[in-house]
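Here's the structure, in structure tokens; my notes come after.
Per-chain residue numbering starts at 1, and chain names A, B and C are given in the order in which the chains are listed.
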Amino acid sequence: MDIMWYIFDMLGTVAFAISGALVGVAKKMDIFGIIVLALATAIGGGVIRDCLVGHFPPNSLQGMAYVLVVCGVSFIVFFIYRTRYYKQVMGLWSRRSYMMADALGLASFTVTGASVGYAAYPELPVFIVLLGTITAVGGGILRDMLAQQIPSVLKEDVYALPSIIGGVAYYLMRHGNWTFEPAYGAFMVVLVIRLLALYFHWSLPKVR
Amino acid sequence: MDIMWYIFDMLGTVAFAISGALVGVAKKMDIFGIIVLALATAIGGGVIRDCLVGHFPPNSLQGMAYVLVVCGVSFIVFFIYRTRYYKQVMGLWSRRSYMMADALGLASFTVTGASVGYAAYPELPVFIVLLGTITAVGGGILRDMLAQQIPSVLKEDVYALPSIIGGVAYYLMRHGNWTFEPAYGAFMVVLVIRLLALYFHWSLPKVR
Amino acid sequence: MDIMWYIFDMLGTVAFAISGALVGVAKKMDIFGIIVLALATAIGGGVIRDCLVGHFPPNSLQGMAYVLVVCGVSFIVFFIYRTRYYKQVMGLWSRRSYMMADALGLASFTVTGASVGYAAYPELPVFIVLLGTITAVGGGILRDMLAQQIPSVLKEDVYALPSIIGGVAYYLMRHGNWTFEPAYGAFMVVLVIRLLALYFHWSLPKVR
């Protein structure tokens, strides 16, 4: 199952990088700006998490894989848009498959974050849940702050809530010594809730 | 006097959380966004401080108290606005008492920050003063960055200056081995200057 | 040559502080806001770098020199604008010499960042290059985020690219055990590319 896990993590990284690169394109940034936004979205959450637990250098910067994948994705997005074939490509890489990859990323990043928290501070449930959520949504918040727009996760959609619930599920399953592997359980919790939220167009309550 | 200290710290946390939640409401965020802004405002400054001195996990995340209080405050603000009784409630919790709680928070956060700095690096006065100020105003800056508005502390009011002066006072009193407890002295310095600034509507000079 | 190095570093700090203070003036901030933007621009990149490698407290906060120089620069900019003699002063301190000082800062900050990375993790080339670039451009990004504008380095000009190339050059020269001092080599690489970019008005490609 470990190879499966790695695939989910990479799919999430790619989906997050695409989301960052697309915001960069929309804001008329140059190729450096597009790469920075893709990096911020894909590895920003994990970097903030590692800073909060005091792991240096951050996990995603200990090798080249993540940074190079994100740079590669950025260049691909850039050239697709540049050649103006993006409508055709967007047809292939439909919104639905993008949303699926993004949901896989949300789920795997949540579990990674919560497990880093549990490994370091098993006695701090609130911190563990927070780390899962920050890993999953922190990058998107950073992307929107760099692009000068109010972070979408704070206004729209049910995006952070599945991550919070997944973090709680992870903690409870680890804490309760379930024989079932907590990582897979929590992963499924996030994924299912997120897909339900997408399917039924859920949104969180606002004041008005 | 320790219980007094804890009360001031909690009053400040509540006041800062309210200020964050209100900005979230004003920016039409959902309940998750409101909680994030309240958390950023109430514990963001302390988290940045702990990152700068290398204390992990940050103090406010080592237990559940701060996070749960801030979440509770966010839900209360949310439901008050939702039920549209907020005008009546705002009458009870008048602007004056809010400003008093906020000033208590500014003072207690400044002292906490400066004392963390002094404990770790007593030979670095500039760093100590900076930590006091970051603890006190960093959360509000983070709140405004998340809400896409220029941080109010950079443009209006005399808000950071009392904190800077209080940090200097704290350092001088610790360094000079005053018999009077430096924490209370510095706390009063911040509080008095802040309340004077509010009463006389002081503001810092601008270019024009 | 060490005194030379210190001069370049200070020239860069002064140039970056000026750039931050000018944005603060343009956004009608008060003197505290102007100082915060100058500090963010001049030492923000280095602070982020030190957080990523786990050096606490950050290098620029271990003494008073940087903070006091930046505060001094902020006050000078403030009073020049306040007295409305700034057109005459701007004539003296022409755009050309400002750009030269800024380019020296870009070069020296890149080398400092890359050398911090190499000292800590010589086996991580991507991280080393990233640290050089973050040290050089991170402060400007922070400045623009505080001032609510899209970071200029993400949209305009060839500013980060010289730093990236310089970081790569630094790593290759260190890794290859060149007898020539890598710091000076990389410094010249950044400086020459940046000055060429300014002279020929280069810019990075955009989608449209």
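Couple of notes before you dig in:
Throughout what follows, a residue touches a chain if its C-beta (ideal position, glycine included) is under 8 Å from a C-beta of that chain, and two chains touch if they have at least 3 such contacts.
Nothing here was measured: the structure is a model prediction, and the numbers come from that model.
Taken as a graph of touching chains, this assembly is fully connected, with contact between every pair of chains.
The angle of the rotation superposing subunit B on subunit C, based on CA atoms and rounded to the nearest 5, is 120 degrees. Centres computed as Cα averages put subunit A at a distance of 30 Å from subunit B. Across the assembly, subunit A contributes 51, 54, 145, 148 as residues in contact with two or more other chains.
Within the complex formed with subunit B, the residues of subunit C that make contact are 24-25, 27-33, 36-37, 47, 51, 54, 56-58, 61-64, 67-68, 78, 81-82, 145-148.
Taken in their complex, subunit C has these residues touching subunit A: 51-54, 120-121, 124-127, 130, 141, 145, 148-151, 153-156, 160-161, 203-208.
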